[in-house]
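Multiple structures are listed underneath, in structure tokens.
Two complexes are shown next, each including subunit A; its partner changes from subunit B in the first to subunit C in the second.
Now for the complex of A and B:
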């Protein structure tokens, strides 16, 4: 199982590389909406995470109101299966 | 009827172009004046019966739009953004400062996001997930929707779709939004990026494309005796339109006047033009009537002429009947290929430049004028000519015709 820190780093990198999110704005409690992602962007994020981390997330695994912390928890579950 | 409160004069205050001759008005105008074809073998078309096209060279969408926005847009929208931003810059307009409720966006496209649809269909066939952005990238209306969103233009926003006449239709309808007072500014034009396997293969099956695989640079040759079909191209042309008084009030420099617009349908055949070009003639006469002019006033025509054996002959016959050799004629598709829904807008922009620069670009690859064509077609080199009234002709599959009359300010 991948560690929370590793998953968080991957998520941050995805947000900054693919969605041009300013790394300074990413905190544990910032929501994906806060970071500028709308519902379509979140589906896109799921595709990027699936491909980059070899996951099989459901289309509704993440949603815009989720915080970074909550998203990392979902990724941990996904990487455990 | 002119004067304060009833200002019917619509002028062009900005132009933007992205074409196979280059990105920007200067690169495109220079390329068209040089009279060189931009058709090249295209790697995406390898193995097809026709494997060449006119592609915009070195277009890096992420550099223009940022990677995030670029990824969410089909190429035809990306091209329109770049052309539109250039047109607004030339007009001296800043979207951050305008009253968006008075700004309309009318853009033409024949194919919309067809390249994205092809890509995503192939992903689906391979069992891969399709992009969540597929629908907003493919739906034709999104071209105008995306531009309105980007610029905060909150007036009427729609896409004109009349096949190869779409760009001309969009500019004509945009001018009407100004004449009726609905808008104060209209960003109008056309964009298409149909250079992909499905569209190329489909046009090839219709025998519409030139099959000159060995010499693509000689394939697009409007009015030439050896023409054998058009060359598919991509690009975007955008004009900023305003009422004359409005433009003058903000100190903008008008480039040319949209003197008239006419549109018609052949109601004759799904693809073939009417043998006498009667629909196109009707549209030309309507544009002249709106301009308060007659055929005798026309001294230049940017022809639709796509380099097909039949289409060029029909249009040339009509032009000869109306103008004889009194009007200079050019087809810029020799240089740029046929850019479908963008063609009319690119050609309207080039006609604006012909008017302002007093120069008619040559028809690339016109070596031996078809002996059945009795027109003064400009070929070889650009020709200096002060223009009093020009027409820009467009005809589309489905028999849809649109014509703009343009004059100096």
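Now for the complex of A and C:
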């Protein structure tokens, strides 16, 4: 299983590289909405994470209201399968 | 070079009635800002009661025949919204165009319909079955969209576009150079009108009215659309022997600006080579690509012969792409476009000859010099 720290770093890189999120704004408790992602952007994020981390996430695995911490937990589950 | 189908005429028909985002926000729980940021759409067209897909198809078909300067010997009509469950709409459209006894058939591939129809017509030309097929994409989506469903009512609009093809050679502007088509029926429930077909005829009054309307699972469709169009466009580029960086016109199915941006970003096509009109007409399903082609050609922003990629994704699931060189045509609009109003009030199937304006690329190079392909 990939560690939470590694997944968190990958998520942060995806958010900054693909969605131009300011790294300084990314905290464990910030929601994806707080970071400027709407529902379609979250679908895009799922796609990027699937490709980048070789996952098979469901289309509704992530939601805009999820925090970064919650998103990392989903990625951990996804990477364990 | 081998025999190819060449686009020699483009036609378009949009209903006069404009529905703005503000109009929709007045009756649905949505807003202009939400619609624009999620879809890129500002307004769309809607037919008046009594105007059918066939009416729009006749006008667009007539316009394409005028643009291409001649008759057709085959009619392929791509539509999701035929005039009747039976018979097909294409034969009556052909009749109304004065093309009696030419073969005429509907193609049902939802939003991929025009690309499918173009690919089939191109194959018919290469096979020698016909010489000048008329390919029409026409839709009255407002006939299947639930006016109370904010997820779909804000997206779709009505309209028709058409392309006249002729037998030609691969080196000519407008020549189809490669095709890619695909489907994945496992996803047939992602975009569907649940009731009204043979599986659920829906004659019972117990069927809720919303079951007769288009239903779309937005998240899955978004993801599939981006993936399928990207892969299909790459495939067709590879078949044509073109690098993505050599593409000078990318015209995707006008489904959603965010999808189009994502696909062209992934393909590596520069923003300046992406063309479309989704802001003005919304998603017109099978009509969207020919309408976007006509508007782009009318603006004269692409030099004839420039490498062009058309790509589409739709219910079915279906997808497809066509590599074509930009056609040397002046599109015709019926009813005609005017400087003061986008489309003058005319009956949808009026045979009004449109003015042929000179295109910027016909002007001296010192005035306009588009990048060489």
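Here are a few things to note about the model shown:
The working rule: the second predicted complex is superposed on the first by the 81 of 81 C-alpha atoms of A that agree within 3 Å, B and C clash if a C-alpha of one lies under 4 Å from a C-alpha of the other, contacts with A are read in each partner's own complex, and residues count from 1 in each chain.
Everything below uses one rule, namely that a residue touches a chain if its C-beta (ideal position, glycine included) is under 8 Å from a C-beta of that chain, and two chains touch if they have at least 3 such contacts.
Note that the coordinates shown come from a computational prediction; the quantities given were computed from them, not determined experimentally.
In the superposition on chain A, A:19 contacts subunit B only, with no contact to subunit C.
Within the superposed three-chain model, A:29 lies out of touch with both subunit B and subunit C [touch as defined at top].
Applying the stated contact rule after C-alpha superposition, one finds that A:44 touches each of subunit B and subunit C.
Overlaid on A, the two complexes show subunit B and subunit C touching the same residues of subunit A, namely 40, 43-44, 47.
For subunit B in complex with subunit A, the residues that touch the partner chain are 66-68, 71-72, 129, 131-133, 136.
The touching residues of subunit A, counted against subunit C in their complex, run 38-40, 43-44, 46-47, 59-60. By the touch rule above, subunit C contacts subunit A in their complex via residues 37-38, 219-220, 222-223, 226-227, 256, 258, 262. Subunit A contributes residues 18-20, 40, 43-44, 47, 50 to its touches with subunit B in the complex.
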